[in-house]
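There are two complexes below, and they share chain A, which is joined by chain B in the first and by chain C in the second.
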Partner chain A sequence: MDKFKFEGGQRTLFLGMIAVGLVSMVLTFFADDALHTRFWTNYLHNTIFFLGISFALLFAYCAFTLAYAGWFVNFKRIWEAYAQFLLVALILMLPLIGGLWMGYHHLYHWNVPEDVATDPVLYGKSGFLNKWWYTLGTLIVVGVWYLCASRIRSLSLAEDNGGGASNNFAEYASIKKWSGILMFFGAFSSAAMIWQWLMSLDAHWYSTMYAWYSTASFFVAGLSLTIITIIYLKGKGYLETLDGNHLHDIGKYLFAFSIFWTYLWFDQYMLIWYANNGEETVYFQTRIQQYPVLFYGNLLINFVMPFFVLMRNSVKRKHGIMMFAAIILFFGHWWDVFMMVKPGALHTAHEALAQGHGGGHGHEAGFTPGFTLPGLLEIGTFIGFLGLFMYVGFSHLSRAALTPANDPYLQESMHHEVI
Partner chain B sequence: MSDHKEVLFGLYDDEEIMMDAIRVANKEHLEIEDVFTPFPVHGLDHLLHLSESRLHIAGFVYGAMGTLTAFLFMSWVFTRDWPIIFGGKPYWSVPAFIPITFELTVLFASIGMVVSYYTVNGLAPGVENPYLHDRITDDKFCIAFKTNGASSQDVGKMKDFLSRTGASLIDSKII
Partner chain C sequence: MSAVVSPIREPLITGSKTYHDITEDICAPTERAPGLAWTIAMALAVGGLATFAFSVFWTVYFGIGTWDLNRTIGWGWDITNFVWWIGIGHAGTLISAILLLFRQKWRTGVNRAAEAMTIFAVICAGQFPLIHMGRIWLAFFIFPYPNTRGPLWVNFNSPLLWDVFAISTYFTVSLLFWYTGLVPDFATLRDRSTGMRRKVYNFLSFGWTGSAKHWQRFESLSLILAGLATPLVLSVHTIVSFDFATSIIPGWHTTIFPPYFVAGAIFSGFAMVLTLMLIARKVLKLEDYITIEHIESMNKVILLTGSIVGTAYLTELFISWYSGYIYEQFAFFNRALGPYWWSYFGMMACNVLSPQIFWFKSMRRNIFVTFFMSIFINIGMWFERFVIIATTLARDYLPSSWSYYVPTWVEIGIFVGSLGLFFVLFLLFTRVAPVVAIAEVKSILKSSGDQYRGKNAVPHHHHAHDDHGHH
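Let's look at the complex of A and B:
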């Protein structure tokens, strides 16, 4: 049926974006402090952001499949393609893992043996927050996610070539099986890994809402990217069977999960505030006092904007407004992850640098470029990673038909109607 | 008796036959009074040119009223009327108000929408609602025309339309 063609112009654009990213990263590396904190936080932030998006979309795909959902079938190839980024993300994680063993980055306070020995909090967590867990956890967990993603993808493609009804829907049954595996495994492992990757940047701090909160963030970002892709492909004349009804339903997801994200954002704050958890308030105190624009801007972009823009029924069918909201939300959740990563890492770096130079307490609260707010180098790095993600996604997308012709739910999807 | 309606209606066995009939009626400019189906039929609203419901606008207004009621009331109680210190927190502790504000928003919006819906449609417990035929709530699809003041020629046209488009039963009723 309709096969997406990855044109030369798009390739050039994405390669150009990657080049912008590489230049930004090199510049960051050389204009940095002795520990290259800005470079490594940017790298971690963007790697996890796009890893999270591909995982969240894979997870949604599996949840929809297991729930016998039919409406998403005529754009499910987009999610399949984006989930394949997990392999690239796994490779991108390797330098971070290497840094734990060879010490060329200083992101995680729990990776300093002298501090762990003297600090009871870090010592208490050292059974989980250590480089063995981080290394093996990342390799195994992301490896299994990618295994599920690639199996589902190849089964779905096999369905196109002589599978489906003539094969008694055997491929579809197998996709269901792999979806079950991913759902079961992914639900637990994603929470554990996000604690390792992001939450442990604030090594003394913990929050039970963190895994939910960050996953909601990744899912909203993934939905935004899906909407952007769909509107772009529709503009190019692809996805003929997809119409306003599908966009309406994805729009509802975007709206609903923005509200869900806000609920978790608030709950994470309120549980700590209400319970007078003195040792946990430091996370919010740092952010509210030293990063107010980041902190309140986050709520403004990711809650107030979608709440009022996306509320009307008819808005979710309009390409222009949906594109606008999706782009803002995509950037907004990148901003959110920025806020999760930067303050904790800067604090760790300041303490390490202050110790290295013999004393003093590194808690200066002034404006720090690239930490207090995203600077041009952060935006450049973001563009680079986005280019890489889109390049990988589009090259997978171009390898098969955009509409899974033999999917048992294709007819249901084509006749999807919501009022 | 002016509020009583004289209705001519036809029952169809299948929603597809009924949908085709509505298309024919639209083409012939016959004014359909209403359509009754045992379950929601996709595309029916569009065929009947029904405009979007305004119930959700009412819902937003009720919700906003709930938000304001809860937030202002709690603010007044905890700063003016009866200030109490909870766990060393300030009197005006906004985060603590948020859950109740949220809940009252939902409560006002849902109750308000139910009441509005019932009022607009003349529904209430104990109200006797007129119906055209028993099987409309079971397995038949009904197209109804209003015949108050219609000439016998027009009624004949409607009857002809109903029988032509495959209605299995044609009847009239005063409700």
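Let's look at the complex of A and C:
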């Protein structure tokens, strides 16, 4: 029972989730402000969230491969399959790119020529923050990531059919090469694209930590999704050679990277707080004053919860509690990215709307549904994107054996034991 | 210990060693009279230590005025050296703690020497803030304790004070970790010796008998210390980076500093481990225990951390332009093209560009290349700290106070002398303690010895069940 079967029930469920997402998005679009800010921020938020997860898992896959890690081999097919979402993510980026050229969304302040001309800060950044860079950067960078992901995937599948030891592990050697290419190319390109996609929503603000911080967030979300998938598949009787030892080690990663995420969060926050420089503190000031639930909730969900729940050794082998922690953390990092997207975009929209109406109301709003907190429409959109991600992931997963039978490290993985 | 090993994993112990061979090979250097190479090295190191003592005496006696620090450049070689040494003091605990948690078997060949190096490097690092105080006899003022100095009290808001706590904690835990690992090996030395030597090792090994209960405690303690040490590895250089990043000096105040400093510290620490181990394995004839596999793994860590540092350099450079903040932009323009341009290019060449050759397996496995690269990186990482500190301070907000800084002989003497201090300690260590962890290497013999794995493996018996044999 090594070949995963994408059952009709699962397909129906994921298609249902996609339908929920579509309905939510349509409802959002029609119950929105004149710029459809809520709709577009939801779209951007979820696209980047799942794009980031597939990149982070691909990056980890490549790092593990180059480090000659053996233990992860019997679940590496899950990461291979999830990394294939990059192609879908690239397609999902197209409407956002189109909006920059045709002006049907108003997410990025730097894309308003009149403001760039009069605002020296935006003008200074216009060499990087412009639609050309955004378009070509997204297409080329995500394109190369996907190229690496698909090459690695097909090499790994080729290994199953007459490859491996009989072929002197030639496919494995090629996977290492592509892993090297992805890591070399991905290290800086991911940072550059995160500045474009997310950091530039707060177009005046900057922080050198930002890209690493968001990547840590994506990776924790990816690990959570991996744990959820593994426990689900085990419940279905798949992944027979994967046991508590593997779960324990992924659990350690989940714990360690939750702490690492907190470490980056603290560094970024503390240094900005300490220097007390208005251009920088405004970012956190806005979030603490106008989005307190998001701000403090973020720390509670993503630091306090995993710190206490995942600390003990024995916990990392228990399916129930690991499932609980993984679901909370998956949602928690979606929440974190929500907070990266919403405040800046809302501010931009408020300024634009105020100009359109000849001034008037400022941009500090009270409670704004879909911004101050995720509402039902946000949850619905999230469910839709999750359904799409799972549909794509499971269809790839079902196309090959779950265990790479000819992988040189498979035996190590099957006998993996954490003392 | 997992006994199933991938067919493509290379052995980590060569020469078909038995458990007895391991004991003999590793104990030998401590049991024979020192060779010529050791004596010459020790003489040079003592010379360095004397230089250090003399230069420090000169500084303390005549005051900090004997250095070339000035109104603009308040931190020069002293803090550069401090950060450099602290960085080097990172690899040991990383190897011990994080690689233990990751169950990396190649750790066992190099952890002992790396931990020793860590402790000595932290000792060297600790000298510089003390000397820099000028009035070193008042150094105890840095401790917060009830006193009669009235309002003269430590500043808890200062990262320099956090350094005091972080480094002393790190030093303590590293020392405990190192010593815990040494206990069974000291017992091995004790069992082989007689007379006074036996008494000393008996004392040092705390009455270790090798009973199951002792081993069980040893394993639990190692795991607990590894768990404690892992956040400490990160905390020390994080707080060192806060020394700079909490300020509002352009080029210092940047949020990426903490993780980037930690990566740089691991980078330089591994470079120093490689420098030392490549010599030690030759001189002490430990090539069977510190193999090309070990060197390759360390070169991968070098490549990874070097690339992280490189990404951080590019990030800083790019965001300085992106910020639109003219002082930030100038700080980086000045670093790259100002009067200290040579140090910036030295840093980039040594830390970012040259380690990229380690993408190629043949380079990672080449001992000469590795040795030169390790020296390169040591130099490059020193330049990095010099770039951050001196270059930034030399051109501050007021052009009227711009200045250029060149060290005096006293500052150079202290730095070169601190290398003497380091090597004296390290050379003594190679004489009194096993340079490779005997007990730990034995624990991987059945899974990683070359008579069991790889090309030379004896094919006909099943070793998978031999693990419970007598050692």
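Definition applied: the second predicted complex is superposed on the first by the 417 of 419 C-alpha atoms of A that agree within 3 Å, B and C clash if a C-alpha of one lies under 4 Å from a C-alpha of the other, contacts with A are read in each partner's own complex, and residues count from 1 in each chain.
What we mean here is this: contacts are C-beta pairs under 8 Å (C-beta built on N, C-alpha and C of every residue); 3 or more make two chains touch, one makes a residue touch a chain.
All figures in this text were calculated on a predicted structure; none of them were measured in a lab.
Steric overlap between chain B and chain C is present once the structures are superposed on chain A.
In the superposition on chain A, A:R11 contacts neither chain B nor chain C. In the superposition on chain A, A:S314 makes contact with chain B only, not with chain C. By the touch criterion stated above, A:A211 is placed in contact with chain C alone, chain B being left untouched. After overlaying the two complexes on the shared chain, residue contacts for A:Y274 are found with chain B and with chain C alike. Touch criterion not met for A:K236: it reaches neither chain B nor chain C. In the superposed model, more residues of chain A are touched by C than by the other of chain B and chain C. Of the two partner chains placed around the shared chain by superposition, chain B and chain C are both touched by A:I419. For chain B, the stretch among 60-68, 132-140 or 150-158 that collides with chain C in the superposed model is 132-140.
Within chain A, the residues touching chain B in one complex and chain C in the other are 270, 274, 415, 417, 419. Contact residues of chain B toward chain A in the complex are 42-43, 45, 52, 56, 60, 87-88, 95-96, 98-99. Across the complex, chain C is touched by residues 63, 66-68, 70, 120-121, 124-125, 128, 165, 169, 172, 180, 183-184, 187-188, 191-192, 195, 206-212, 252, 259, 263-264, 267-268, 270-272, 274-275, 277, 279, 408-409, 411-412, 414-419 of chain A. Those residues of chain A that touch chain B in the complex are listed here as 266, 269-270, 273-274, 276, 311, 313-314, 415, 417, 419. Within the complex, the chain C residues that touch chain A are 1-9, 101, 103, 231, 234, 238, 242, 245-248, 253-259, 300, 304, 307-308, 311-312, 314-316, 318-319, 322-325, 359.
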